[in-house]
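Per-chain residue numbering starts at 1, and chain names A, B and C are given in the order in which the chains are listed.
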Amino acid sequence: MTSDPEDLGQRMYRLIEELYPVCRSITGEGLRETLRRVQRDVPILLHEIPSGTAVFDWTVPPEWNIRDAWIERGGKRIVDFRASNLHVVSYSTPVRRRMTLAELRPHLFSLPDRPDWIPYRTAYWSESWGFCLSHRLLESLPEGDYEVCIDSTLAPGSLTYGECLVPGASTDEVLISCHTCHPSLANDNLSALAVAIELARRAMSEPRALSYRFLFLPGTIGSIAWLARNEADLGRIKHGLVLSCLGNRGPVTYKRSRRGDASVDRAAAHVLGEAGLGTRVRAFVPYGYDERQYCSPGFDLPVGCLTRTPNGEFPEYHTSADNLDLVAPRPLADSYETVTRILEILEQDRRYVRTDPRGEPQLGRRGLYQGVAGARQLPQYELALLWVLNLADNRHSLRDIADRAGLPFALVAEAAAALLAKDLIREA
Amino acid sequence: MTSDPEDLGQRMYRLIEELYPVCRSITGEGLRETLRRVQRDVPILLHEIPSGTAVFDWTVPPEWNIRDAWIERGGKRIVDFRASNLHVVSYSTPVRRRMTLAELRPHLFSLPDRPDWIPYRTAYWSESWGFCLSHRLLESLPEGDYEVCIDSTLAPGSLTYGECLVPGASTDEVLISCHTCHPSLANDNLSALAVAIELARRAMSEPRALSYRFLFLPGTIGSIAWLARNEADLGRIKHGLVLSCLGNRGPVTYKRSRRGDASVDRAAAHVLGEAGLGTRVRAFVPYGYDERQYCSPGFDLPVGCLTRTPNGEFPEYHTSADNLDLVAPRPLADSYETVTRILEILEQDRRYVRTDPRGEPQLGRRGLYQGVAGARQLPQYELALLWVLNLADNRHSLRDIADRAGLPFALVAEAAAALLAKDLIREA
Amino acid sequence: MTSDPEDLGQRMYRLIEELYPVCRSITGEGLRETLRRVQRDVPILLHEIPSGTAVFDWTVPPEWNIRDAWIERGGKRIVDFRASNLHVVSYSTPVRRRMTLAELRPHLFSLPDRPDWIPYRTAYWSESWGFCLSHRLLESLPEGDYEVCIDSTLAPGSLTYGECLVPGASTDEVLISCHTCHPSLANDNLSALAVAIELARRAMSEPRALSYRFLFLPGTIGSIAWLARNEADLGRIKHGLVLSCLGNRGPVTYKRSRRGDASVDRAAAHVLGEAGLGTRVRAFVPYGYDERQYCSPGFDLPVGCLTRTPNGEFPEYHTSADNLDLVAPRPLADSYETVTRILEILEQDRRYVRTDPRGEPQLGRRGLYQGVAGARQLPQYELALLWVLNLADNRHSLRDIADRAGLPFALVAEAAAALLAKDLIREA
């Protein structure tokens, strides 16, 4: 299996293509079908939580399934679920009725400022139904009678999520979570699902210092259910990332955890800083994705959120324009690469102390320093050696040192490894 | 009684008009007359402290009263106290003499760079006398003899100040202090006297959580005398504002207390921030008004200072141009409104905790959240709900939350009230 | 002896002229000759540490001396040590050989982007030899045979450094350290040697509160040797400055100690701030001069580094263009003046408390305040009085007060002296 960025990007893109047509929701067969497809790549366990189960303040809702839906006029389908599953408000109750346009109108949703796009709307927690359609179509509807059908069921069933733990040397866990409940939307969130699969593959491919827990779950109710079932073990989660919207061409953005300065926040800030994206690191806000739940005050887990353009900030967000054209292999591969760099820091970050902290050691006789000296600029690697030697005092981790030195983490880690090999530093 | 901003502004302006002609000083009948006028609106108690009383490092001075003053040449008054009480240096000793221009000259004060304005000068603590006049007039004075008269008295009497406590539910006090010792100057400080009267009226008009203490006193010696007489009870003062220069058209400015981060500082910074005046919040400096005394190191009270353009920064400061044209009803009303917003925060700021802090509660079934979801932007009110739910952890007050969320305090307080009504949060 | 800045600058410049031709290195006669010249002005003690002595991780190297060196072609010297001692890589092993250009080439160093300048290169810790020459000359060398001679010796001897303690009232020491190991380079570091001499003269000329220790030593190995020999007494060093590159026309630059907020860091930041050079205060970096050793984690001494344009940032750095044209009397005098201002703060900084901290004292009756008041701007001196009175609370030193007030330290110190004389404050 290749890890060449281009191949990787292509593979992630193809998965998104494959899953794009499926009509997912927070429960139901579309969600299950998606998770089963994930199982072909990653051995996730599928959990089913029966409708009616209490999870903290919430109750698992009835399972929603839909077979077809349309609006007909004069025997002709003018809005058709088969053309786009976005046409139906998710969790719409079943309906089969003849209505005037005036009666139908409160059930129709469109985007006046984007007249060709279909919006994405949900009604999980209110018994109602509706159709989404382009504003252009809505505007063209003549007065008169319409045949309306939503062939859906809301019935006792279960909520499904997928979970996979990849054990590492330590039981300390990194949580990687993505939501899998959106219908035909590509960036939000098939992109992150594809990236998470590749991260899981990578975690399984070689021994790791940390354990990795991957969650593929419906937004909000899914993470709340998972938190409710795993409350006793949350202490193991030392770092976490919610992944979303990782396939479009915008720059990577990191939203800090509620704590603001957790290790994952510092690692992500370092990685974005190295890429010249320091201004794309943002403070925590209590809306967005499942970090809302992980970072609720009762848990306050060290979980940040990585996206490219964040939710709500790209015009295609929650519309039919979040389609296969919006995402591309290259940004997918870049997102994957960004996450792996963050994880590398979490894996490798350590504190060291000098074996003898008095003065600088003589690097030259250990082959760590150039022979003839005096040039105007010290090579970056020698700078990294000096920084590690100066800050190996048990108070600065390698990431602290890289931050302060303005040097790439990988270079500082390489310098530390060389100094360790020469017994000039030891782990604190 | 109206609290319509326009009416309020007009009423404050009319009071300034009424009191403008009175010749006030740090003692004397002009000061008493002014405080008696305040008593018509607010039940302040007048305190009289006899001349010679020691108050910390100071001694209450003899009482100064003045009846008339002039400079005559050839039987004609060329400088006349009756035309402007600024013509006489405040606390001038009596004088009645014939003098040459050369002898008189050291006693004359003018503003060369503002040749038409009369400066305001004082000599409270040095036995001397003087006249202030326009530079144009000074320059035109021919050599020769002048008749000079200051018909003043400096004699044992007392220093007067006014005080009023409006009790609230708590004995914790908010101190509102303004100086009342300046003669015919409108902005400095009849403007703040007028605002303070309206604040006192408001405090008396309905039950309040906090108690409010209003002080109308001569600058420096007045606040020192008050501090000396109330030293044992200063612990009750939890917040305070010195008010000054609140009637001109410049933007509101807040000077922090010496502590820098007292609740009143944070509340004022929030209110100015909401108004886009974040840059008008300044650090404490040990000159200005009576905050100098309240914030001296022996007391270090949490007292800031609110002005529009601060003392010394508007050209009319301490001149005859600080007159009825400089102040206007609209900025007076805006100043009043600004203070009330600060006080509202001090009244309403609380810390809350979530009833159950695990995950978000389901707002939809409590009618706190819209039915059909998915739109690009969350309404501000729903954001406020989420912020309160996330930061109701006993470490963040509502004002902290509003600051961090970048939302108006009133909206956050409204959200908190709604969540409290649904038992989702409780007071910490 | 004059301390007029112009005379002082001239005297420092003349010393640089005198010492410029000497071929210094980290050991040897050139270094000794330089230190003996220092002894004519300052009673430094010369320490000799035998070759082979272990100092922490290092060993004192054999002593290096050089008499002559050249490259000849066709009987003609084309590179000649007598023309510039930079031509020989410092610590070159002796060589006497006929070589082809191809054989010689790896031993030749030049600056392609500065084709007329000779670089400065060293090989202290690698047994090798080499020549430095202009790139223009290097490029012009024809193929063929060359006679190469370096008439040097590397033999047991000693490392020399100079030290002088000027005792003050307290045994707390200020360390002033400069390196003296560079051959014909004027700015780096004869400039700092000249400044250090004048500072020592000044320290000896009048009683001081602090003791001053001056070190003239070869870079790196010199400071390491000194640290190794004085390890038990390092606690006495309360402040320190490494001086270097103080003669060119660039603006003064201060590099903080590793601690970042030591008294010397704050004092230097204040002095540079007063001069409008606040942006020239930089964070610590573990390369540069002997602050690398003083600030190694085992010592972490409060030692900053003062330069004009820092090492590596002026094009002439470590080249033959760092000559007598690069330095000038005026910047030398300005550097001296900057250091003395920093030292004055260290000498005079104190914490005070108010005798009675309640309210402001009445300055007028003590003659500390003007008689007739009311003018728009308070004189700076009166501001300084108010600031000291407000912050004399045992938590703020005079330098803290000057920083916060944005006033010159000297003015604040003068105000404190006046208040002390009137018993309004006392030392904390």
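Note that in this section contacts are C-beta pairs under 8 Å (C-beta built on N, C-alpha and C of every residue); 3 or more make two chains touch, one makes a residue touch a chain.
Everything numeric here is computed off the predicted structure, so don't read it as measured data.
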| item | value |
| --- | --- |
| Graph class of chain-chain contacts, one of line, ring, star, complete, other | complete |
| Interface sides of chain B and chain C: same vs different residues, half threshold | different |
| Equivalent-chain rotation between chain B and chain A, CA atoms, steps of 5 degrees | 120 |
| Separation of mean Cα positions, chain C and chain B [Å, integer] | 53 |
| For chain C, residues contacting two or more additional chains | none |
| Chain C residues within the chain B interface of the complex | 354, 356-362, 364-365, 369, 371-378, 383, 386-387, 389-393, 404-405 |
| Contacting residues of chain A [partner chain B, same complex] | 56-58, 89, 109, 119-126, 128, 130, 220, 223-224, 227-228, 231, 258, 283, 285-287, 292-293, 295-299, 312, 317-318 |
